[in-house]
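For reference, chains read A, B, C and D in written order, and residue numbers begin at 1 within each chain.
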Amino acid sequence: MESLSPESIGHRWVLDKGECSLLGVFGDDKMIADTARVSYRKGTKQTSTDKQLIRYLVRNKHTSPLEHATLRFYIKAPLFVIQQLLRHRTFKFNQSSARYSEMLNEAYVPLPEHITTQDAKNKQARTEDKISEAQYVASHMAGESDNSFENYQHYLKEGVARELARINVPHGTYSELIVTCDLHNLLHFLALRLNPHAQYEIRVYAEAMLDMIKGFFPATIEAWEDCSLKSFTATGTMQEALSLAISHVQSGIDWSEAVSVAADSTGWVSKSEKDQFIGWALTLKA
Amino acid sequence: MESLSPESIGHRWVLDKGECSLLGVFGDDKMIADTARVSYRKGTKQTSTDKQLIRYLVRNKHTSPLEHATLRFYIKAPLFVIQQLLRHRTFKFNQSSARYSEMLNEAYVPLPEHITTQDAKNKQARTEDKISEAQYVASHMAGESDNSFENYQHYLKEGVARELARINVPHGTYSELIVTCDLHNLLHFLALRLNPHAQYEIRVYAEAMLDMIKGFFPATIEAWEDCSLKSFTATGTMQEALSLAISHVQSGIDWSEAVSVAADSTGWVSKSEKDQFIGWALTLKA
Amino acid sequence: MESLSPESIGHRWVLDKGECSLLGVFGDDKMIADTARVSYRKGTKQTSTDKQLIRYLVRNKHTSPLEHATLRFYIKAPLFVIQQLLRHRTFKFNQSSARYSEMLNEAYVPLPEHITTQDAKNKQARTEDKISEAQYVASHMAGESDNSFENYQHYLKEGVARELARINVPHGTYSELIVTCDLHNLLHFLALRLNPHAQYEIRVYAEAMLDMIKGFFPATIEAWEDCSLKSFTATGTMQEALSLAISHVQSGIDWSEAVSVAADSTGWVSKSEKDQFIGWALTLKA
Amino acid sequence: MESLSPESIGHRWVLDKGECSLLGVFGDDKMIADTARVSYRKGTKQTSTDKQLIRYLVRNKHTSPLEHATLRFYIKAPLFVIQQLLRHRTFKFNQSSARYSEMLNEAYVPLPEHITTQDAKNKQARTEDKISEAQYVASHMAGESDNSFENYQHYLKEGVARELARINVPHGTYSELIVTCDLHNLLHFLALRLNPHAQYEIRVYAEAMLDMIKGFFPATIEAWEDCSLKSFTATGTMQEALSLAISHVQSGIDWSEAVSVAADSTGWVSKSEKDQFIGWALTLKA
């Protein structure tokens, strides 16, 4: 398969036929630190290193200096992934138009190992359990999208305008776009889309993007990984439960039981919050 | 067909299975005028009526007061229409999720009279000329989307997770969303999507929206129709050509010829701009 | 003093001459829950109450439904407060213009008890320690702004245009504006400006706004207070230190010492993060 | 006077003590054209040059490709100019903080020739007529701001916190900021602020910015100057009047009279629109 990407400073193949390229970067860690320092000009000494200052900014969510860095990507992805991407409203997009030009006659077909069952608990997710007929479903899906593109070509040959001939192409059809965004909002996007609850098919794009930008903002990315990706936000109620659990441990109970007892004696609005607290608290066992 | 729309203050059926409802309106002409008047508080007399003030604001693109009015819609539309809607980045969206719940098993099928040919000149548009096999194409399209939904149900029955089972549903599948926006940005959207160059399938939604909001902001909509929808923006080059045409008319030539001669003796960057000028100038013949 | 506020559904006097009014509200808890439910339409049962659903949305930062609620305020505040307000770029503003009309000849003068010293540690803040000459400084400040307005009037009488006559009015001069915003972004503003580190003179506006909107969105505000205002976000490094402290407690040490020992044996990028951890961890002592 | 600007690729002195530097540029005409071409990938030939394509984009307000170019500025300007700048909500700002650090003890003092009278007709503007006491007013203004800074220093010495000591500094006090923006929104800002109706003190910043960026986007700026800066938008009513004027010229009347007669026999919502039409139409006389 030949890449459709324009000249780039980073390139990754994604999914079966997708691509993600880093086309340009404007700014670096130093620019971010220098932008923050404009606040302090007179009357304060510059004592912190760039790395410390950036950690401070990211940890305290003083993220305005990160907005001054700009990144430019080329992305080839299925339409349903692009629809999720378009929800990020600070991004700038230019997408190939199915009115102006013929669509790529390529659709996403999942590998059998990715065709897994619906998660019964987390209603928006899928499990890791392969369905029994995965091989058959994968080839059936491939045949279905092939048929759709034959029909698309057929409609075009009948003279149907492009904007109308495309109405039955699969929602997994690949399309291309240029995305330009600032670093603050890109990291917000990545935090959402790297999350295990994000759909696998967009998560792999987020992983490719993070991988390509890491080297350009080492201090910022490191701070963000610790202060955002690995962070946990405890609600007021969770902090009460945590206090309780600590006091139980002091009375000699084991941590797992302390967490469980504390959770049971705390008033929660919903069971999901209690479960989230317990899940997190148990990771604190050294 | 039963409407899926929540309780509303306005409702329109759109396309074959689509809907558009006005769920709520915050503000009116008076609120817009009052917001503008906060600028003038002391030292200026209030001499203009709301209508005159609003005309002044709209004509001079002092549109910040229009941003204070809010509108809330329910929309059921094909995915390719929703993709265009999502490009309007000041709008607030909540869309039904194909990960959380089963998709509507309905897709847009155009009426035969809307299945027209590709425009050879305007590469993004279609003509008004029906293709010869329109009836056949329409029923073929309907059969194709029916098949897709059968396959979708089949995948679901095999246990495939919803987020994956949907990858081959047509790009014309209906989906629902709630859209909240401010009046200024809605009018910007309408100006783009009411344009004859906009795709018919989104234009009908724009028409439904305009129709439903008109009565709530009569002075603002009237000003906007004259100052924006019916306006023409003449570039510097076009104004030179217009000057020339007027001087030719003064020498006794007929307007059509004057326009043509003036256009020929003006330096244009591209033929499309010249053509646009001629097209507009000819409408000035009383 | 007479209020300049237009007709309103809520009004608060703020600072010495400021005001804050709630002019209108669009939406309520139910609308927020209904907007979220559009995602779940088919294939999922509605089991949660509005209150539980809203808690879930707020806790998991699924805040898009909160963007659909709109609030409209009238604010009379010192220019330096307005400058901070203008940084909130999703808000819609219309401010009284010092070019169009004469400025209010009123400036903020702090009460002596608010004239406190510079915080040596937190370089952007002030302490609670009144300076010795507070009474004198307050009346000197009042005299200074009175002089400025005399000069302003003098310049106007000399015929100087309003846009120029105002260049020396104090940065504490009162000005008026209409602010319209969505609930999600208002809560983001409030979280920043209710913070003890925010300047007192803007904090009192944030308090007035929160106080006036509370009754309109009881479930949302309650969830936000617990999940955002009272929340604590622990970085990855802080969670390591917390784990350590818990294991120390299990060995029989007292919590305060456990926290201190754990903090000392953790690798921090900066002392301020360590201090923040210790400060938080000590509050967990029941 | 020494420049406070960081290292830059362009620098201009503005007003009496202001500065504007271009710190960085991301993108060029070619990048804008390439971004637009992603729409046309397959099925359309690339026939137009970058210059023609850009003209087409700018003329038809297909400005999304211009959003992908980024510009970064350092600006030192009076607070009242910065307040106008902050209204541009797509810009990214980092401003020196009067809470963190001492303010610059410099305020804008206009040259006597810029101290002109209030415009009686255009209520937001000043005329070009110098007031009689201009020399005196200028030196009085200078003395006034000097006094303010003495008081500011005095308050600081009394121990008053910086955030409070600054409440009486003049609204013309210089402050510094870093501004990052995209080219589309910068051109929107420039169109508004280069306008003769914009206040002189911000117009000179707009002129400096345009002057520094011109060479980086020659085709885009040229297209924008002709299609936006020099353009005229005629409302529907104005086009009716223009038609009428042309028909009068055909009957042998002179253009000026034709315009006047046409304007009189057209129904206008307000006199200001009629006046604007006449003003424009008269410029069409070759």
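In this text, a contact is a pair of C-beta atoms (placed from the backbone, for glycine too) under 8 Å apart; a residue touches a chain by one contact, two chains touch by 3 or more.
On a predicted model such as this, the values are computed, not experimentally measured, just so you know.
Among the remaining chains, those touching subunit A as well as subunit D are B, C.
The chain pair with the larger count of C-beta pairs in contact, out of B-C and A-B, is A-B.
Look at where the CA atoms of subunit A average out and do the same for subunit C: the two points lie 30 Å apart. We define each chain's centre as the mean of its Cα atoms; on that basis subunit A and subunit B are separated by 31 Å. If you average the Cα atoms of subunit B and of subunit C, the two centres end up 38 Å apart. Each of the following residues of subunit A touches two or more other chains: 40, 44, 93, 97, 100-101, 123, 162. Arrangement of the chains shown, judged by which pairs touch: all-to-all, with no pair of chains left without contact. On the subunit B side of its complex with subunit C, the touching residues are 4, 6, 24, 26-27, 31, 34-36, 38-44, 64-65, 67-68, 70, 72, 92-97, 100-104, 162, 176-178, 180, 182. Contact residues of subunit A toward subunit B in the complex are 78-80, 82-83, 86-87, 89-90, 93, 97-101, 107-108, 110, 114-119, 123-127, 131-133, 137, 140-141, 144-145, 148, 151, 155, 158-164, 166-173, 199. Interface of subunit B with subunit D (complex): residues 40, 44, 48, 51-52, 55-56, 59, 123, 223, 225-227, 229-237, 239, 242-244, 246-247, 249-250, 254-255, 269-270, 272-273, 283-286.
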